[in-house]
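Shared between the two complexes below is chain A, which has chain B as its partner in the first and chain C in the second.
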Partner chain A sequence: MRRYFLLAASLALLLALLFVAWYEKLHPKPVPLTPTLTGQVEYCLTCHSDLAQISNSHPVQTFGCVLCHSGEPLALDANLAHSTMRGGSNPSDFSVVQASCGSDKCHSGTPESYSNHIQRATTSIQATYAGAIANIMFTFGVQPDLTARLGIFSVQVPGSTSGITALAAFDPAQETNPYVKAFGQNCLTCHLSAQPMPGSVYFRFTGCAACHTPTQSADRTSTQQLQSSQIHKLTTSISYTQCDTCHNRGNYDLRSITFTPRQDLPIDRLHDYYQPIAQFTSCEWMLDCVDCHTRTEAMGDGNLYSSKLDIQYIQCKTCHGTLTELPQTRPLTDPNDLAFRLALINPVVDLKLGDTILVTGKNEPLWNTCVLPDGIYQLVGKATGEVFPFKPVMGSACTQNGTDQTSAYCHTCHSVTR
Partner chain B sequence: MRPNFFHHLHPPTIPARQARLRYTLAAGGLAVFLGLVLLVTGLLEMLYYIPTPIMASASIQTLTFLVPYGGLVRNLHFWSAQFLVIVSIVHLFRVILTGSYAPPRRLNYLLGMGLLVLAVLLDFTGYVLRWDEGIHWALVTGTNLVKSIPLLGPSLYTLLVGGALPGPATLIRFYGWHIFGLTLAAGILVAWHIFRVRRDGGIAVPPPAFRLDHIRITRYELVRREVLAMLLAAIGLLLLSTFAPAPLAPAITANFPRVETARAPWFFLWVQQMLKLGNPFFWGVVVPLAVLLLLSLIPYIFPIAARPELGRWFPRGNRIAQVVSVFVLLGVLVLTVLALMPAS
Partner chain C sequence: MNKNPEITRRDFLKLASKAVLTAAGLLGLGGLFRFLDTQTEPSPQTDFDLGLPAKYPLGSRTVLADVPALLVHSLGGFSALSLVCTHLGCTVESQVDGFACPCHGSRFDLKGNVSRGPAGKPLNSLKTAITSDGNLHLYTS
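Entry: the complex of A and B
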């Protein structure tokens, strides 16, 4: 009888060995990738082979995953592999963006190399929220004027040409004014480092991805699903819906210092016009925000400002000119013109040397526009690819005073009826 | 049946009660088996492990995740090491609580204590070889304890760490001690320990005149039992290693925030808990060494069991030693549990 113990134990060991061998086979076969930029092998694709390439500008064979996301490149245990990822699933969060997207070869550098995006974005009014903070501080008597002194985080720009060279960090807990305190509690959900408000219409990421990662296509059945959905995309083809996650979903009430969500859930694009303005014209609902508003307006120019009005400068006349002036244009004679670079990243137009495009008052290229041979103009939607021909004011029946470019003034005649 | 090599390692017959599981708990035999598993799996790990700060963690991750059965080998090494410390302690307490260390086995008791210390040091050095975020306690607190020793401390620290701060020299020193220095010492002590078991008349039992039974078993039966224990232990180790992976943490990097709640390896948690009481030299060096000394001196300072009492649990003769050792064990266990509890 005892002899069989040994036999049984031997058989059990054999079975255990067979089981271990079978169990080992259950593990996925490691998928190596050695990105050309790092030269270091990584095994992220073992599990993430189904993830779409983030953008054509970031080919996975060149960048891999670890260069941007960090993490443990050799680990095939999810917890360990992900434990050192920068910014969790979002390496573009401003707390880590310099390490993820920075370096002078990538998105931080000099204005001349067009690569100072991080320096510009992190000092922009959308990141600092300095305008809203300054307005509240002034309105409730905490500071004597509207000049920004505080931002979401402290930031210094020694060479700032706006007159503001530094912002201290706004800390609502340190404030004694009850309105400013309430503002801190209720109204800090729309800057680029803020987690969005609960609700699928507000869902966006933080940092660069707040704008450049489209969240509208995600599974929006619940906020929880949104948080867990992997939207692996970076784009400059930014739909108005992305801007709407902050800009068009309600209003702040200064009396109660609360946010009042928009109740009229839009049924179509026309009804999803930019709500804070009561009157609007065709281009304000047919185009996407980024079709007119430039990268400098949205991402800043590297200086610190007290209000979005200090950096926002696109007006009707930028594209349409006035009765006495045609809009500014620039013939593309330099193959290194920024317009080509921008058109390459979002190839909705096929720009060629010799084409003439519109430019802004600051000489920024409106690269998705061009002057057609018959003197009219054309704009191609950056997010839609839709073609919009348009005419200059000059030579039209318009009776405008060209110096008045306020919204209300032009909307007196040019407004859409719903 | 002609005895083979393994049979010849054993006496032709032994008293049956020397090999009863409820008396020996198979702890000594299991320790030998675990040591052999550690030797084989350790040799395999050496084929992949690269003992430099930059490559150590990466080479372990490569072994664990990318080498076929590499994770299994590492897990077997890890679990064998943990169980070696556990069965060594079980073996020690079996010897104390049965009074088996009475002369002529006092020298072998000391050899066994030496082996327990070596098992812990091997476990500790092996743990440091991970060189990842999980070993900060060992690297910082553990080595600083050495520095706290008056007069000798700084020199000992430099000797251990190989410089003013833990770095590449530390890793290669721990590697050297782990794969060679401590292993060689352990190998010699194991051989000496087993030789002394034979020389001292096998596992402690009463002299023939005092034995109630005179049943003897042959070496065939003894080897059969040993093999059975090893087979069962191997099955347990294999299954544990398949389902419970050895711990791993991210590589140590300069820009990744270090874990604030660094925890000592489990066998040093009691020391870590005592360090909260104050003076690191006293609580971290003097008290643990005093505990070790107390346990080592048990055969020399407390009354010992009479020879007729041997071969069974809890003989009257060494009651004081039993009580003292159980108190020490309980103290260590309580401190360990306290250290494991989340900080309030």
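Entry: the complex of A and C
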């Protein structure tokens, strides 16, 4: 009996060791990477070596994966490796963005170094949604004016130059007004922390990636459907289709306090760009949104505002001037001019010292424009690379009143028929 | 005397137990050696043997991609400049008039001084020496 027991125990031991050896074989051989910035080895490339580099500004050899995504750098088991990732697959979600993209050398630096992106983005009207909330509160008599008091999350900007230094968190559950409550339930799908509505045309990430990670093809005729796990890209080359995951997809109905999606599903740019009722000029649909709207308009300037109208300031005259004034320009004489840095990140133009570019009324560089030797201007599409020559109003047959720069005024003569 | 001895059940069990135990022991020992032999990830290399100095003629500027560094042989001897950008650590590219960082656009002149931000410090100078074996060595720390 003892002999049988010994044999059975030996067999059990051998089988256990064979199982351990087999289980070990299941795990891949780790592929180490020691990023320059961290100096700490990580094994993420063992499984993710086929993932495209996220951008030229974030090379994997320098940044690695863990600096942005967190996670367990030495784990070879997928569940364990991913268990402590920040923001799931999206470390730019505003709930974790400071830990992921922050630090004074990265995106939470100073305005002077043009690296206060997180402070600007999280106080922007697209993040706080303060304008929409203030409008609803005012419309339904909950507050006496249109000044923003609430945002999607509470935020403070002690030195805000806009007059608004803090927003409290908007909590629909605490609201007693039924319309405001309904607004909270039905209409909070398009701020930068909101999960998008179901449907491929609304598909986007949250946080910085809502705009900077392309989830939409630039061409609606493309049948390619992107899966979130396949998208590993950050870009400033942003197509209008990305902006349209929130904009121009429908209307908010104040009677029913619901969002009504647009019903037409055009695939050509002219019909798709704006809703059927919209009026617009050629450049408004041939260019992409980011060709005109500056980084400050889209991402804010670090102050809190009550309406997008308080931060948007680009007008037709910014590029075209008026009958009596040419558009503002700036020769590039400083090698540290912001225009060079922006052009490097999205190299659709090759800016050189001595080039002259257009600038906005706030002296923001329109770095994708230039003044050509014959006095006309040129804009290169940031998302398309397409070249658009254009002329100033001065010297043209235009009979405008230069002080009226509302879009409706210019649309009177220049709107496109579709 | 039995000329054709048949193995008894007892002997078979003994032999089988020994064989299985030996196999398990060897497997266990293999695992133990593997465990003891496990290497932690090696520290980054800091001493680079560049071979004979004659490989780098007077006046040459040689990009050493695996360091990464630029080795310069001038009348004053050998000198080397790190090609790691002082902003965030990307590898800068050697150009006719200096160095350019492809990540965030910093520019450095031929001596490694900053000519355009966001980098705030010049490229690091690296130590070189000809050792007793006659080879040129470059040290990154």
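Just so we're on the same page, the second predicted complex is superposed on the first by the 378 of 418 C-alpha atoms of A that agree within 3 Å, B and C clash if a C-alpha of one lies under 4 Å from a C-alpha of the other, contacts with A are read in each partner's own complex, and residues count from 1 in each chain.
We take it that a residue touches a chain if its C-beta (ideal position, glycine included) is under 8 Å from a C-beta of that chain, and two chains touch if they have at least 3 such contacts.
This is a predicted model, so every value here is computed, not measured.
A.B. asks: May I ask you to decide whether A:Asn336 touches chain B, chain C, both, or neither, giving the answer as first, second, both or neither?
C.D. replies: Touch partner of A:Asn336: chain C, not chain B.
A.B. asks: Would you mind checking which one, chain B or chain C, touches more residues on chain A?
C.D. replies: C
A.B. asks: Go through the superposed model and pick first if A:Ala194 touches only chain B, second if only chain C, both, or neither.
C.D. replies: In the superposition, A:Ala194 contacts neither chain B nor chain C.
A.B. asks: For A:Thr34, is the partner it touches chain B (first), chain C (second), both, or none of the two (neither)?
C.D. replies: second
A.B. asks: State whether A:Leu80 touches chain B only (first), chain C only (second), both chains, or neither.
C.D. replies: Once the two structures are laid over each other on A, A:Leu80 reaches chain B alone.
A.B. asks: Contact-wise, after the overlay, does A:Leu13 reach chain B, chain C, both or neither (first, second, both, neither)?
C.D. replies: Both: A:Leu13 reaches chain B and chain C.
A.B. asks: Just chain B (first), just chain C (second), both, or neither: which does A:Thr62 touch?
C.D. replies: Only chain C; A:Thr62 stays clear of chain B.
A.B. asks: Quick check on the output: what are the common chain A residues between the chain B footprint and the chain C footprint?
C.D. replies: 6, 10, 13, 17, 20
A.B. asks: For the complex, give me every residue of chain A touching chain C.
C.D. replies: Where chain A meets chain C, its residues are 3-4, 6-7, 10-11, 13-14, 17-18, 20-21, 32, 34-37, 39, 41, 56-59, 61-63, 105-106, 113, 115, 335-336, 340-341, 344-345.
A.B. asks: Provide the residue numbers of chain C that touch chain A in the complex, in ascending order.
C.D. replies: It is residues 10, 13-14, 16-17, 20-21, 23-24, 27-28, 31, 41, 44, 84, 87-91, 102-105, 107, 115-118 of chain C that touch chain A.
A.B. asks: Going by the contact rule set out above, which residues of chain B touch chain A in the complex?
C.D. replies: Contact set of chain B toward chain A: 58, 61-62, 64-66, 68-69, 72, 224, 227-228, 231-232, 234-235, 238-239, 241-242, 245, 248-251, 253, 255-256.
A.B. asks: Quick check: in the complex, which residue numbers of chain A touch chain B?
C.D. replies: Touch residues, chain A against chain B: 2, 5-6, 9-10, 12-13, 16-17, 19-20, 23-24, 30, 43, 72, 74-77, 80, 83-84, 99.
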